[in-house]
Each structure stands twice: as C-alpha cells, then as structure tokens.
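In the two complexes below, chain A is the common chain; its partner is chain B in one and chain C in the other.
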Partner chain A sequence: MKDSAAGIASSMASMRELEIFSASDARFSSLGAPVKILASFVFILCVVSFGVYDLGVMLFFVFPAALWFVVKPPARIFFNRLLIVLPFVVFTGISNLIFDNSVVELPFGFQTRGGAVSFFTILCKAVLCVGAALFLVLTTPINAIAGGLRRFKLPCVLVLQTVLTLRYLEVMLDEARRMHCAYSLRAPNLSGIRISDWHKIVARLFLRSLDRAENIYSAMLCRGFCARKTMDFYKTKESFAEIAALLCFVFACVFLRAAGWIFKGAAW
Partner chain B sequence: MHMADALVSPAVGGAMLATSAVLIGISARKVRENFDNSKIPLMGVMGAFVFAMQMINFTIPATGSSGHIGGGMMLAALLGAYPAFLVISAVLIIQALFFADGGLLALGANIFNMGFWTCFIAYPLVFLPIAKDFSSRTRIVLASVLSSIIGLQFGSFCVVLETLCSGVTELPFGVFAGLMQPIHFAIGAVEGALTAMLILFLREARPELFKAENSGRSVSFKAVCGYLALASFVIAGAISLLASEYPDGLEWSIGKIIKDGELGTGGKFYEALSLIQAKLSVFADYAVQGLGGTASSVIAGIAGVLIVALFIVLYANFLKKRHCER
Partner chain C sequence: MVKIENLSVEYGGGNCALKDVSLEIKDGESVALLGANGAGKSTLLKTLAGLNKISSGFVEISGVRVERKNLRKIRSDIGFVFQNSDDQLFSLTVEEDVVFGLRNMGIDFQKSKEIAGETMERLNISHLANRSPSRLSEGEKKRAAIACILAMKPKILLFDEPTSQLDARSTRLLCELLKSLNGTKIIATHDLNVARSVCGKAAVLDNSRLVKFGDASEILSDEKLLFDCSLL
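Showing the complex of A and B:
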C-alpha cells in the first residue's frame, strides 16, 4: 500500500516534469496542438496498418530517431511509459511465438518462424506508438492539448473534465500527503499505515479532496470562470505554414508506408 | 484491460473510435440538458479518485497475476450513467496521452470496453434495479458486486474480440477468453466490494449525493429497448462471425442416424415449397447472394435483425389497433 502511494506520487512528479518540459520546448511548442494531434494520429494509423509479418514497419523509426535528436527528451520518461504498455503487448506477442509455426521469408533469402517475426513487429509498433503519444505531450502543454481537442469539436464538458481531473489529482495528492504526515506524527513508531486503517483513510481522503475541490470551483466561479470560454481560449486556428507542415508530414508517412509495401514485395 | 495501439488494426480502432465518439456526443448532450454546476467538482474528484485507484495493482490470488479496478461502476453509481461515461472517457484520455496506458488509436476501444458496459448496461439494468433507493446495505453490496462483475466480464470479452478481429495475435479464442474472463471475474468482485464500501461510507457522510439523483429513478423503457437493439446488432453483425462452422446438434444427430447423409425428399408439394423458399431466401445460409466473405455475413446478420424488428413492430401495432377497436 505504501508502495502504491509512492507510485502515484512518482507518476504525478513525472507528469509535472512533462509539463515543465513541454512549456520549455520552443521548437515544437509554437506549432498548433491540432496539427500535432493530427500528425500523431496519422503516424499511429500508418504504423498499425502494417501486417504482422511486415518488417517494413521499421522504416518508421526514422521519425522518432530524428525527433529524439532534435527534442532530446529524458530517456527515463520514455522507458517508464514503455514499461506500462509492455506487459499486455508481450503477453499477446508471446502467444504468436508459441502458436505460429509458419515459415516466413525475410529479405536476402533468410527464413524464420512467423511467430518470431510477428512478435518483433508487435514490439516495434508498441515502441513507435508510445513514442508518438509521448512526443505529443512533450511538446504540447496540457491547456494547448485541451484547446486542440476543442478544435476537433470534442464536447466542452469532456475537455473540462479532462483538465479538471488532472488538476484535482494534484489536490488529492496534496491531501494524501497531509494525511500521511498527520498519521506519521500520531503514530511515530509505525513504518507505514496499518491495513485496518486504510479504508477510513481512503474514504476521508475522498471527502477532504471533494471539499477542497468544491471550494476551488466556487472560487473559480466567483472570478468569472466560464468553462466554454476558458476552453475555447486555447483553441487556435491553423496557419498556412502549419497546414503545409502537416501535409508534408502526412506525405512523408504515406511515402514510407508505400516504401514498406515495396520492401515487402521485394522480400517475397 | 487497457488495449495498446500495437494490438488494434486501423479498422477495429477506427470503428471503436467512431462508436465511442457517438456515445460521448450523446452523453455530453444529456449532461448539458440537466446541467448541474455543483456536480463539476464531484465529477473532477471522482475522475482523480478512479485515476489513482487504477494505478494501484492488487494481486489476484491463485493466478500469479495482478489487476486494477476499471472504475466505471463506481462512477456510474455516484454520478449517473451519462456523467460517469464522460468522466471515465476523460480518465482514459489522460492515461493515453500522459501515461501511454492505452493508445490514441485504441482510445475508442478502451472507452467502450471500460465505459459502455458498466455505465450503460450494468448500471441501469443490474445496479439500479437491485440497489433501488440505496436504503438497504445488503442490496447495495449485492448490486455493486454483481454489476461490477457483469460490466467487467463484457468489457474483457470485448478486449478478446477486438484483439482477435485485429488479427495481431495467434492466441486461440478459447485460450484467450479462458485467461481473460476468470481474471476479470476476480477483479470485478474486488471492484464491486470497493464500490460498495465507498457508497456505504458516502451514504452516511454525504446523503445528499444519493437523495437528489438516485431516489425513485426507474429504468427508461426506451433506453432498455435501445440497449437491446444495440446488443442485437453487435451479436448479429460481429459476434455471429465467431459461430462454429460445424452442423448444429439436430443436423449432427440426423446425420449420424441416416446412412447416406441426406434426408430423402420428394413430391410436388415439397418441390413447390422449395421453389418458394428459394425465391424468398434473399439471405440463404446467412449470407448475401453474390457477395462473399465476412461483409456478406455481417450485412445478412444486420438485415435479419432489422427485418425481425420491423415484423415485431408491425405485429405489435396491429394487436394494439385491434385492442383499441374492442
């Protein structure tokens, strides 16, 4: 239980790190969020469109390699996120190693088991898709993402909930920290929180967070907060240069996808 | 239960995104219609709470694996179906964007698997009828546990179907479902217990949360019809594709009894009937004539559901008119 609380705290810390990084990045943060969301989506779509035996998916590593060189994100963040996805991906991919005994021809006349190839392509896809989502949040602050989601006509109430959930997580964590401190001071000889006390603490934490959240929201309303206006404030219109950049990126993705077909055709 | 982008095909991911987008649109419209500003902080805190709970993995006894709660049932029980669906969508958007848990393309599938079954099926059809006015402790516990289990069972089964339809894994359907369903049964039971605990605590500490929203609520007849219609389309259009190709029990038994494998038929009456049937059977063998493959079975299944529904509606109208005339 203590580990879980520490895990939540470290996740929040890593999210704050992401926010600070996205605000400090000047090269890509000036690009509109809708363009980046659309670019990430096109990239993911192209990556997952490769077949299970299609090694052409490796061509798409060109993009993350180039971006890594330019953005220089902390490697720890990337590997932490990859670890979250890997268990289910590996579980599904390993089954291919066991059940798929077909023989697949590789380029230059090599032959191997289909299960091994499909396991490898699944892993490649997972790395590329995680990279795409991470690049988006590393270069776009949360408010800009909210504005981008509004640009795609997502309901205001949903975008507001997304932003508030992130902010209230901080509130909840802050309350958890205070309660943990109070508990430690009252029971200095205990190394953690007794299991029998957990349900009371979680319930109290919920109520205290709710009280604080209500106070915060009342204060926001008193200062003239209007969900629609605030969410639409970050909504931006794409410039000609942004649209041109997006079209170039889409063209590059389609070109690489087509190259993947040629690669496959040549191999077979 | 979060699906990753690497495990869905563009067709499955796109279809599930479209389905979830429609559900989000409907939910947002419903929430706007009965908008209560005071519920915004509760929705935000519930979202944060479910988010935090999903990060806590607990060990599932005797399986050697661990799991985390889905949270959809907890949200639906405290907020109602439509706000709960929006909140679980927001939680999943944050997880997909900031924590790479799930993916952008798989987002639709994840929202559907964790939100639709709990908020729109288990909550109105199982939870509310059992929990009623939240006055009985036993009813709350029973409703929470049962609805959480049912919601997660459907959700995890959808994960199996979506992964297999995407064609990325060679895992046989039986093995995959056999692994997923029991684990999610255990997770559902734990989630149900947690939901019940939270409701019981909040019922004492914040009774106004339940009085205003949930007292005296009944399940809408139109909503039930809508859910049943949707379920019929899903079964006829998608799940029917997994049907066994072997003959059914009756055909198999007759095939064993008769020697030449074909029943002896003849006579003018039989021929006339066969001719009529051949003319009428637009979807012989549950397929569209002249169109092969999966699409043929899907179209035939959906068309079958529509024809049956039309027939029942016409027959019901006829009976209603006769009843009025009397």
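Showing the complex of A and C:
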C-alpha cells in the first residue's frame, strides 16, 4: 500500500522535476520552440525513413550523444521514460526475431539473420524517436511547446487540450494520492485496494478530479484567462540565427541520411 | 459599488443556494459575509465573480451588470482569492503564477515580472518566487494566492474563508495584511474574530437568505442572532 502511494508521489515529483529542468535549462530553453519542434520533426522523419535492414540509422545516434553532453539531462528521468516505451518496442520487434529467417549481408562480409537486424533497427529507431521527443520536452517548457504548436497554426482547442490535460493529470494524481492515503489508513491489513472497492474509488476519483479541475478553471477565468490569447503569449518569432541553426541541422540530418544510403550501397 | 438586488441562485436539481438576497456595498467598504457552512457565502462570492448562473435578480459591479457579455470587464475589476489555495496556484513556480494574471491583462513579460516582484516583496514572499507552490506551507500558499490577485490591482477583493487551514499566527498576520489592503473587500468567513478585526460592515446569511446587513460591531454583539445562525 505504502509503495503505491510512494509511486504516485514519485510520478508527481518526476513530472515536476521534468518541468523544472525544462524551464531551468538556459542554453536550450531560450531557443525558440518552433525551431526545436521542427528540428525534432525532421530528425524523426529521417530516422523512420530508414529501411528495416538498414543499419545506417545508427549514424543518427550522433545527435543525441552530442545533445546529452550539452543538455546534461537527469539520467534517471530520461531512462525511466525510455524504459516505459521499450517493452512495447520489444514486443513489436520480437516477431521479426522469430519469423524472419532471411539472410542479410552486413558490412565487411559478415552475414546474419534478417530478423536480428530488423529487430535491432526497430529498437534503434524507437530509442532515437522517443529520445528526440524527450529531449524536446526536457529543453522546452510545455507552454512554449504550446506556443510553438500555435505558430504552426494548430487549432487552439487542440493545443489547449494538450496543455490542460497535462495540468489535470497532476490534479488527478494528487487526488489519487489523497484517496489512497485515506483508504490505506483505514485498511492497514490489506496489501492493496480490494477489487470490489476499485469501481467506487475510480468513480469517486473521477468526480473529485472533475470538481477540482473545475475550481482551477474558475480561478483561471477569474484572472482573465482566455484560451486563444493566453496560448498566443507563448508564440515566438524566430531570429535569423535560429533559422540558420535550423537549416544547418536539417542539412546535417539530410547529409547523414545520404551517408546512410552510401553506407548501405558500399556494404551490399 | 456592488449592488445586489433580489438575487437567487439555484444549483442543479432545484437546490436553492441563494434566495432573494439584496444588499449594497459602497466603494472602499470592508464587508464580512458571515454564515455557517452551507449558508451561501461562497455561492454569493462566486456569483459576484460571474462563476454562477443567476436564476433571478441581478448583480451590478461599478454599474456593470454581471452577465456573460460583461464578464471580461467584471473580472478585471474583481480579484477572487479562493478558499483552497491549491486551486489557485497551478503553475510551476509562485512567480509564474503571479505573472499569469498580469500576462492575461496584456502586460508584457518583463513588466509583468517586475510587478510580480514588487507584489511579492510587499507580501514578504520574495524568497518564495522560484519555489513550487505545492511545496509551500498553508500560510505561504495563502500569501502567494493573495499576491496573484493583488498584482492585478483589482478594485474589489473577494476572499473566501481566507483563514481556513491557517494556524493562529498565520491568521493574525493575514488579518493585518487584509486590514492594510485598500479598496472594497468582501470576506466570506465564519471566524468572528476575523470579521471583527478587519471589517466595518457585516452581512449574515442563514439558509441561503440574507438575515441582516449592517455595522459589524452591532451585528457581532448580537449574540442571539449569531446563535440562531449557528455562528456561536
């Protein structure tokens, strides 16, 4: 019981930690969010464009490696988030490992089973894509991301929904923690929540979160909150240096993608 | 001026939260809304801020009716400090929360930060600027919530149970702060000491109805009235 309460508290803490880090990283948080969003998008696009047997995708690890040294993200948060995704990726790729018996030639004359290569490339692609998204979140506060998305003319409702969902997630976790605490104090001999109590707790949690979310929204309204206006505060205009940096990054991505083709051509 | 005329508010299912309430509050007055739990104090404050639907009657703030089309104007004149500070503080840091309202008023970021800094200094919470609201004590949270509102310089301040969850010392400090604030103040409370020390006028609500409105000292010395309204 205590473990789950601690789990909820630690989830809340790591969410806060992530936000605090993204706001405190001066070197990258000062960079315009639209530039970072576009750079991440180009990066992901290049990564997913590699074929299943294409080991050239590994070249793209250059970017996260370089970013790691510059941003120095909290490793625990980064890898914890990555670990959440990895089981799904492994589950997706494992069938390749079992059923794909084709033979694939590797550079320098080595040969191996196609399933192993495709499993490995799926893993690499997943780590790179999730890593790119994580780096974006770690270096850009959520409001700035929202402003960036608005810059790309995404509908206000959609952007606001994303931001508020994140805020309300915290409210819900907080309510869950309180309810769990109250339950465990009155059921000291139980090792968890009884199955017969789950439906009551979930329904109550929903109602309580809804109630609190409504209060928070009322407080926002009282302070002049207007969805479109507030979202547009975070819109930024890109400087020439930012556009130049973005172009350099895109060029580097395209170059590495092309290098991947050359690498593949030379190997096969 | 705040003018409330025959105000009735109903919640879903025909529950009447306010019945036929009429009162007038002049500019600069401090009014305590007294009443037991469920008397309708919070509902009245929320209705003044345009957060509740009016069933009948009307409310005017500085001559402007509280209705959908006027809400922006009304809310720029009104500052509402909620009972639960956690509902009011939703940003990453206290400073961000104070800046939130100012940005919504159209003030640019640098100027907003400046005003936020000044307000926090006035409330002696400058040292909390970069702290997460979730890590503050109740007294600090309350001060931060008040800073969020004061920074916007509203003409009318609404406080919903400002001293609930506070210890004796924090209550005393908060009362001193409330006394020092200029402008019209409407304070919903069932703490008679707060009403006595901060407000010149008082309105007693009981069972969703306004029972009495007048001088705070006169009302607070009427023990029978207070007892009948479950305040003693």
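Please note the rule applied: the second predicted complex is superposed on the first by the 248 of 268 C-alpha atoms of A that agree within 3 Å, B and C clash if a C-alpha of one lies under 4 Å from a C-alpha of the other, contacts with A are read in each partner's own complex, and residues count from 1 in each chain.
In the analysis below, a residue touches a chain if its C-beta (ideal position, glycine included) is under 8 Å from a C-beta of that chain, and two chains touch if they have at least 3 such contacts.
From a predicted model like this one, the values you see are computed outputs, not experimental measurements.
Asks: Putting chain B and chain C on the same copy of chain A, do they fit or clash?
Replies: fit
Asks: So, does A:Phe255 touch the first partner chain B, the second partner chain C, both, or neither?
Replies: A:Phe255 sits against neither chain B nor chain C.
Asks: Just checking: does A:Leu221 make contact with chain B only, chain C only, both, or neither of them? Give me first, second, both or neither.
Replies: After superposing on A, A:Leu221 lies in contact with both chain B and chain C.
Asks: Taking the superposition on A as described, I'd like to know which of chain B and chain C A:Arg16 touches: first, second, both or neither.
Replies: The answer is second: A:Arg16 touches chain C but not chain B.
Asks: If you tally the residues of chain A touched by each partner, is the higher count for chain B or for chain C?
Replies: Of chain B and chain C, more residues of chain A lie in contact with B.
Asks: After lining up the shared chain so the two structures overlap, which partner does A:Trp198 touch, if you call chain B first and chain C second: first, second, both or neither?
Replies: So A:Trp198 meets neither chain B nor chain C here.
Asks: Is A:Phe233 touching anything from chain B or chain C once the two structures are fitted on A? First, second, both or neither.
Replies: Once the two structures are laid over each other on A, A:Phe233 reaches chain C alone.
Asks: Please work out whether A:Phe79 is in contact with chain B alone, chain C alone, both, or neither, and reply first, second, both or neither.
Replies: neither
Asks: Using C-alpha centres in the superposed arrangement, which angle lies between chain B and chain C as seen from chain A, in steps of 10 degrees?
Replies: 100
Asks: With the two complexes superposed on chain A, say which partner A:Leu158 touches: chain B (first), chain C (second), both, or neither.
Replies: Touch partner of A:Leu158: chain B, not chain C.
Asks: Just to confirm the geometry: in the superposition, how small does the C-alpha gap between chain B and chain C get, in angstrom?
Replies: 7
Asks: Where on chain A do chain B and chain C both make contact?
Replies: Correct list for chain A: 167, 216, 221.
Asks: Residues of chain A touching chain C in their complex?
Replies: Per the stated touch rule, the residues are 16, 19-20, 23, 141, 167, 174, 212, 215-216, 218-226, 229-230, 233.
Asks: So in the complex, the part of chain A that touches chain B is made up of which residues?
Replies: Listed in rising order, the residues are 4, 7-8, 11, 15, 18, 40-41, 44-45, 47-49, 52, 81-82, 84-85, 88-89, 92-93, 95-96, 98-100, 115, 118, 122-123, 125-126, 129-130, 132-134, 136-137, 145, 149, 154-158, 160-162, 164-169, 171-172, 199, 203, 206-207, 209-210, 213-214, 216-217, 221, 227.
Asks: Okay, in this complex, where on chain C does chain A touch?
Replies: Touching chain A: residues 46, 49, 51, 71-72, 75-76, 78-80, 82, 84, 86-88, 90, 92-93, 100-101, 103-105, 109, 132, 134, 148-149, 152 of chain C.
Asks: For the complex, give me every residue of chain B touching chain A.
Replies: 2-10, 13, 24-25, 28, 31-32, 35, 37-38, 40-45, 47-49, 51-52, 55-57, 86-87, 89-91, 93-94, 96-101, 103-105, 163, 167-172, 175-176, 197-198, 201-202, 205-206
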